[in-house]
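Order of writing sets the labels: A, B, C and D. Residues in every chain begin at 1.
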Amino acid sequence: MFIFDTLSLVFVALILFGAIPNIFYSTGYLPHIQRKTHYQLHYFAFIFSMIGVVVSANALVFLFFWELMSLTSWQLILTEAKEKSTIEAARFYFIMTHFGFVFLLLFFLIITDGNLDIDFASMKLIASHFAYPTLLFFFLLLGFLSKAGAVPLHVWLPYAHPAAPSPVSALMSGVMLKVAIYGMFRFLFDVLYPWPLEWGITILTLGALSSLIGVLYALSEHDIKALLANHSIENIGIILIGFGMGMIFDTLGLYTLSTFAFIAALFHTFNHMSFKSLLFMSAGAVLHQTHTKNMEKYGGLIKVMPITALAFLIAAISISALPPSNGFLSEWMIFQSMLSSSHIDNISLKLAIPFAIFALAMTGGLAIACFVKAYGITFLGLHRSTNAKHAHEVNFWMKSGMVLMAFVVLSLMLFTPFYIEWFDKVLVGLGRNSVYGQIFPNGIWNMHSVGINGGIVSPLILFISLLGVTALMMFAYKVFGVKTRVHNAWACGYKTSAKTQYTATGFAGPIRRFFNWLYKPDEHFEKQTIAGHETKFSSSSYEVHVKPLFEKVFYRSVAKAVNFMSYWVYRLAHFEQTRYSAMIFNIMLIVLFSYRVFSNEFSWATFVLEFIVMMISVKILIIGDRK
Amino acid sequence: MILYLLSIVLLVLLAPILLSYIKATKMVLLFKRPISIFQGYRNFAKLMHKETIISKETSAITSYAPFLVLSPLIVTMFFLPPIVVGSYYVSFVDAFTITGLISLSTFFLMLLGLDSASAFGGMGSSREAFISALVEPAMVLTIFSVSLMAGNLGVGQAGVNLAEHFPKEHMASFLFAGISFFILLIAENGRIPVDNPETHLELTMVHEAMILDLTGVYLAIIESAASIKFIIFASLFASLFMPFGLEFSAPIAILIFIVKLFIIATAVALLEVNTAKLRLFKIPNLLGLAIVFAFLSLITFYVLGA
Amino acid sequence: MMLSFLLLPAIIMFLVSFSKNNKSKYLLAFSSFVILVPIVKLFLLPKPYNILSSYLVADKLDTYVLLVSSIVGIGVTLALLTLDKHVKVSPKAYRKFYRFFAIFWVGLIFSILANHMGVYWIGLELATLSTVYMIKTNYTPAAHKEAWNYMIVGAIAVSLILFGIILMYASAKPILGENGMEFDLLLAHAKEIPSPFLFEMGFAITTVGMFVKMGFFPMNLWLANIERASFYPVAALFSGILESAIIIGFFRFSKIAMQVNYDHLFIFVFVYTILTIFIVAFLIFRAKDFMRLFSLSGVEHMALITMFWVSGAPFAALLHFGAHAFLKPALFLSTGVLESNGKYKIAGALRGYKGKKGTLFWFLVSLFLLAIISLPPSPMFFSELYGFGAMISNAKQSNHMLAMIGAVLFLLILLSIIFYRFVAIYQAMKYEGKEEEKTVYGSELFALVVFAISLVTLLFPATLTYLKSIS
Amino acid sequence: MTDFLIGLFLASLIVALFTTRLYRLLLWYSINSLMLGTLALSIGKSIDDNAMIITGIITIIVKGIGIPYVLKNLSQKFHFVRQITPEIKVQYAIMLVPAILVFTFYLSEPITHMIHTNANYVAISISSLFLSLLLMMEHKNVAPKIIGFLSMENSLFLLGISATNGMPMLVELGIFFDLLMAIVVINLLFHKEEMKV
C-alpha cells in the first residue's frame, strides 16, 4: 500500500520542509480568514494528501490521494471567495487539474490492466508488453505536466495561485507542483523504463519553452502573486530541462551524466520549493498589510517591514540564480549537464540542446530583470498608496514562518554537498551508480561537473569571499568614519514624490516593447491635455494588458467549440418533445439494421443501403418538412 | 602566487586609467584638449573627501548596495585567466559563475537606482534591466562557446589552453564569439552606442541615471565598480580572443597584456567617436546581433564543429 | 410466506391510504419504513432463495438492489412528511400518492426479484403505470402534460421490452419449452440457443426499450421534463428506484447475451452509451436548473453503469449503481428544499442556511454534489476506477486497441465537460448570489443523513467484499 | 387459415394508419383485435392448447369489444377531437408502409436458416410493431396515440401467438392485468383534466 524508498522519503522531506514553516505562517494568517474551520480542515488535508501521493505504492492509493490533493487545494482557493475572479480561477484550476487526471487515469488503467492494487514492478511488466509505450508516455506527460504547469498546460497557474490565501499559494506553488515532478520520477523510472530518445527531447523542449514563456509573462505582470506564479512555470521549465537532459543521456548510455542531470533537476526542485514558498510568504505578508495584489500600490515597504523585505530579497537573489545562492547552484548543474553534450553525435540533439541552453540563459537574464522590478517596486522608493503607508510588520507567527523558510533556503545554499549526497542516494535507489564521489571528489569545497572538461564551482568559497570582501569594505567605511548627512533627494532638481517614481508597468516597458510580438498588449492611454497642448496635461492614465496567447489559442477556442456543440445538441435534443415516437422508431430501425448488417455477412452494399434508408427515414420522420 | 596577486592589483590600479584613456583619446580625436589619464584617480580622491549625503527617501538598501555592487566584481577579478604563463590562476570558474557575479553586481545597482524614489533612478534601472536581460544570455553563450573550443569549461583554464593551442579548426565559431563579446563589452559598460557615460541627459543615460543621487564615498565605490567592470571585460576579451604573448617572461608578458588592454580601449574610443548613441528601443537590434552571433557561435561549434 | 411478508407493508399502505384521518399521514410513513424489515430478513437468508417457485428467486444481486431501493424509498417518504412546507399539496393528493406508491412497490418487488422474464415485465409495467399517476399528484398543467407524455413514451418502451422478451422466448423455446422465460435456465443454456440471431434481435429490442426508459439516446430529456414537472420526491423515486428495476433487468438480459455473442453485445452497448454520454454531456453543459441537471447526470451514470457491466466489471457497475441510487434521490430531495427556498436560482442556493441544521444541510448537499462528479472519497470514484479499468483491459484484448482506448479517452473528456459544469454550479451555489435566510426541516435532513450514512456504508470493506462476491 | 387471419390483421392495421376519423380508427382497432383473437382460437384449436383458447376469448372480449367501447365512452365524456388528420403526408406513408414490410422480411431472413418456426410470422409481428409506432407518430392527439399503443400490444400478442405458440399462462394473464391497469390510469388521467382548477 505504501512505499518508503529514498525517492519517496526525499519528497516527503520536501513536503515537510515546505509545509512546516508554512504552518507557522498559516497560524499567523489565520485571524485574517473568516471560514476558519473550512480553511484548517482543507489545509491539513491538503498537506496530508500530498504526503499520501508521494508514499503510495499502488495506483489506487496514488489516484485517491492525487484527487484528494486537487479537491482540497480547490477548496482552499475558494476559502476567501469574495470576488468573481477568485471563483473563476478556482473553477479553471479544478477543470485543468481534472483534465490532467483524465490522462493519469488512462495511464494507470493501461499499465495496471484494471487491477489497481498491483505494485510498480508488475506495472512495469504490463507496460513493457503494451504495444504503444509512447502513448503511455504522453498520457503520463499530460497528466503530470498539467499539474506541474508546463507549457502549454500552464494557463491555470497565474489565475489559481493569486486567488488562494497566501499560505496556500506558497504551498501550491512551492510544494504541490513538485508532487507532479515526483510522479515523473517515480513512473518514468519505475514503470516506463527504458526511454526512447524522443521522450527526452520532448521533455527538454517543453522545459525550454516553459522557462522562456513563464518568465516572459511574469515580466508583464503587475499582480505580485501572478508574477510569482508565472515564475513557477519558468522554474518547472528549468527542472524539466534537467530532467530531459537526464533522460537523453540515459538513452545514449551516458549514465554518469544522466545521474548528474537528474540530481540537478531534483536539486532545483528543492530549491524552487524553498525560494518560491518564501517569495509567496513574503508577498502574502505584503498583501496582508496592504490589501491589494497590485504592485503599483506598494512602495517603500522595506522601511516598515524589514524582515519581510529581507526574506523577499534572499529569495529573489536565489530565484534569479545569482551566485552564490542555491538557485544558482542548481542552474549551474543543469548548464553543465547540457554543455557536456557537445560530443554527442546526433543531429537532433545538436539542434535541440543549444536551443535549450539559449532558453535557459535568456531566462536567467529576464528573471533578474523581473525580480528587480518585483523587489524594487514593492519594497523600495516611496509608498504609492495610503494602504502601503499604513502598513507595518506582520505578526510573530508569520514572521517566524518566513524566517524558518529563509533558513531552509540558506541551508540549501550552505549544505549543498549534504543535499547532493542525499539526491545521489535517490538515484542509487532507482538503480543508478553513485556519482557523489565525482561531484565532490576532494571534499565539500569544490563542486565538479561530471562531464569531460566540465566546470567547477565552489559555493562555499564564493559565499565566504563575497561576504568577506563586502564586510571588509564596510569595515573600512566604518573605520574611515565618513560624515553622513540625510537630505532630500536631488533628482536633477525635481521634486521627488510617490508620483514621480517609476511604476511597475514603466519598469517593464522596454522589455515589453521588445516582446510585443508575443504579448500583443492591449493599451489604453488617456490624457487630459490643457488648452490643446500635446505636452501639457493635467492628468493622464496608461494601462496595458497583456493578452495571454496560449489561453486564447487553446482554451478560449475550446470553450467556444464546446459552446457551439452544446447549442446544436440542445436543438437536436428538443426534437424529442414532439417527435418522440419517431425517435424511437428510428433508433429501433438503426439498431436492428445494424445487427442485421454486422451480425450476419457484412457487405458494404447493405451498409450503404442502411445508411441511405436511415437518412431518408430521419429526414421524413424527425426533421419533417420546413414550414 | 605573488604574480597572481600582483596582476590583480595591477589590473585594479589600471582600471581608472583605462577609462580616462578612452575619454582622452576621444577628446583628441574631437580636437579637444585631452584630460589627463589619471583623471580617474583625481575624481576618486575628490569623492573620498566629500561627505556622504543620503536622501531621506532611501532605505537600508542604499547603505549596503554600493558595497554589494563592488564586491562581486572584486571577487571576479580573482577568477580571470592568467596574464603570464606560470602564474597562479583559478582555473575552474566557468562562464555561468562569472556572468552570475556580474549580474549580482548589476542586480544591486538596479535596486540602488530604484531606492531613491526619483524618476531618474527608476528609469536607469528599467533600462539597465532591459539591457542586462539581453546581455546575460549572449554572454553566457559566448563564453561557453569559447571555453568549449578551448576544451575546458573553466574560464581560467580556457584562457591558458587557447594560448597554448589556438583553435584554428573552430575559426568560424571563434570569430562569431569574438564579435558577440565585443558588442557585450560595449553594452555592459555603458559605452556609446548603448549608453553615454558623459552626459546627464534623461533621454540617453542609463548607468548615470541609476547613481544620480549618490555622493561621496558611495559614488566613488560605484565609479570604481564601473571601471573594474570594464577591466574585467577587457581582460576577458584580451585573454580569450587575443590569446598570445603569455609565454614570454613576466614583465614582457604583462606589458603585452597592458598593450592589449589599451588596444581594446582605443577600439572602444574609436567606435564611440564614430557612432551616435542609439535610441533605447534600437538597442535590442545591436544586442540581438550579439545574441545571434553568440548563438551562432555555439551552434556552429555544436553542429558543424567549425 | 416470504412473499406475503414482503408485500404486507405495501398492502397496509394501500388500505390505509383510503382512510381520511389526518393522522394517517404518519401511519403511511411508518408503513413505508416497515418495508425495510422483510427485505433485511431476505438479505440475510441464504441464497438463492425461492420465494414463489421458480418465478421469484432471491439471489445476491437482486436482494442487493432491493435493499438499496428500500432505503431510497424510506428516505423519500421521510422527505414527503414536510413536502407541504415547501409546495402546495392537498391531503388528498398525499393519500393518492401513497396509494400508488404501494402499487409501485408491489410492482417493484416483482420485477426485481423475478427470475422470469414475464414476471419481470409485469412488475415493471405495474411500477411504470403507477408512477404515471404519481406525477399527477402535482396539479399543474405541466404535470398533466408530462404525465401523458410519460404514459405514452413509457408504454412504448415497456411494449418494446415485452416484444423483445417474446422474441427471446421464441428463440429459447425449441430447447427449453415453456421454461424458456426463466433467467437462470436461459443463462445455463444460452450457448445452445438454436437461433442466436433471433435472440439478439429480441435482446436489441428489449435493450432499446430499456434504454429509452432510462433516458438514453435519443430520449434524453423526457425524464428531465417529467422530473421537473412532478413533485421532487417523485423525481427521487424515479431516479432512485424505478431505474434500478430496469437496470437489474438489463443486468440479467445482458448476462445471457454475453453468453450468446459477447462482441456484438459489447459493441452495441458501447456505441450506444458513448453516444448517450456525448449528448448528455453537452446537454448538461447548457442545463440551467437543478432538476434537469440532476436527471441528465442520472442518465449519464446509468450509461456508465451499463457500460461497466458489459465491460465485465460487475463489481464496478454495482458499486456505481449503489452510489448513484443513494446520491441521486438525495440530490433531488435537497433540490426540493433549495428550490422552494431559493426559487429556482442557482446562484447562492447554498447560502443562508444558518444554525446547526442549516450547516449540516449545506454541508451534506455540497458533499453529494461533489460525490456525484466522482471526487474521492465518493464511492463513485472507486467504481469509475474499476469500471474504466475493465474497459481498458477489454480494449487491450480486442483487435482495435487504439480505437477503443481513444473511445475511452473521448468518454473521459465528455465526463470532464460534465465535471466542469458541476464545479461551476457548485461554486455558483456556494459563493455567488445574495445571502438570504432559509430554513430546512428535520425530516428532510434526516433523509439526507440516511443517504449519507448509506453512502459511507458502501465504502466499508465488508460491503466491497460482498459486492465482489455478487459477480 | 392462420396466414389468412394474419393477413387480415396486418391489413386492418394498415388501413387504420390512413384513417382520419376517430371512431373509424376505433373500429379498425376492434377488427384488428378480433382477428388476433380468432387467430389465437384457431391456433389454439389446432395445437389443442386450452390456455391459448382462453387467451383468444379474453382478447376478443377485452380488446375487441371492451376497450373500444370504453374509449368511445371516454371520447364522448371528454369531448375528444374526432377529426384526426395524419401528420405524415400520405405520399410518404404509402412509401413507408411497404418499405417497413420489406425491411422486416430482410431482417428476419437469417432466422429461416436457423429455426423451424415460420420466420414470416416474426417479420410480420415486427412490421406491425413498426406500423403501430408509425400510427403513434403520425398523430398529435392523445386518443390515436392510445390506439397506437394498444396496437403495439396487439402486435406483440401476435408475435406471442404465432411465433411461440403462446406464452406461459401466468404471463398472459399478467399482461391483461396490466392492460386493464393502463386503461384505469388513462381514465384517471382524463378525469384530472376535468378536475383541473
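Operating definition for what follows: a residue touches a chain if its C-beta (ideal position, glycine included) is under 8 Å from a C-beta of that chain, and two chains touch if they have at least 3 such contacts.
Remember, it's a predicted structure, so these values are computed and weren't measured experimentally.
The minimum number of touch steps separating chain B from chain D is 2. When each chain is reduced to the mean of its CA atoms, the one lying nearest the mean of all protein CA atoms is A. Taking each chain's centre as the mean of its CA atoms, B is the chain most distant from chain C. Centroids built from CA atoms put chain C at 43 Å from chain A.
Averaged C-alpha coordinates give centres for chain C and chain D that are 31 Å from one another. We define each chain's centre as the mean of its Cα atoms; on that basis chain A and chain B are separated by 35 Å. Chain centres here are Cα averages; for chain B and chain C they lie 78 Å apart.
Residue numbers of chain D whose C-beta contacts span two or more other chains: 107, 110, 126, 133, 136, 145. Taken residue by residue, chain C touches two or more other chains at 152, 156, 160, 197, 201, whereas all remaining positions touch fewer. Each of the following residues of chain A touches two or more other chains: 581, 584, 588, 592, 599-600. By the document's touch criterion, interfaces exist between A-B, A-C, A-D, C-D.
On the chain A side of its complex with chain C, the touching residues are 60, 63-64, 67-68, 71, 74, 78, 81, 84, 87, 90-91, 94-95, 98-99, 102, 105-106, 109-110, 112-116, 130-132, 135, 562-563, 565-567, 569-570, 572-577, 580-581, 583-584, 586-588, 591-592, 594-595, 598-600. Residues of chain C touching chain D in their complex: 55, 116, 118-119, 121-122, 125-126, 129-130, 132-133, 136, 139, 141, 144, 147-148, 151-152, 155-156, 159-160, 162-163, 166-167, 169-171, 173-174, 178, 181, 194-198, 201. Chain B makes touch with chain A in their complex at residues 51-61, 64, 67-68, 70-72, 74-75, 78, 92-94, 96-97, 100-101, 103-104, 106-107, 110-111, 113-123, 125-127, 129-130, 132-138, 140-141, 144, 147-148, 151-154, 200, 202, 212-213, 216-217, 221, 280-281, 284, 295, 298-299, 301-303. Across the complex, chain C meets chain A through its residues 149, 152-153, 156-157, 160, 197, 200-201, 204-205, 207-208, 212, 217-222, 225, 261, 264, 267-268, 272, 278-279, 282-283, 285-286, 313, 370, 375-377, 381-382, 385-386, 388-393, 396, 401-402, 405, 408-409, 412-413, 415-417, 419-420, 423-424, 427-428, 430-432.
Interface residues of chain A facing chain B in the complex, by the touch rule stated above, are 299-300, 302-303, 306, 317, 320-323, 328, 331-332, 335-336, 339, 342, 347, 350-351, 353-354, 357-358, 361-362, 364-366, 368-369, 371-373, 375-377, 379-382, 446, 449, 451, 453-458, 462, 465-466, 469-470, 473-474, 477, 480, 482-492, 494, 496, 498, 500-502, 506-511, 513-514.
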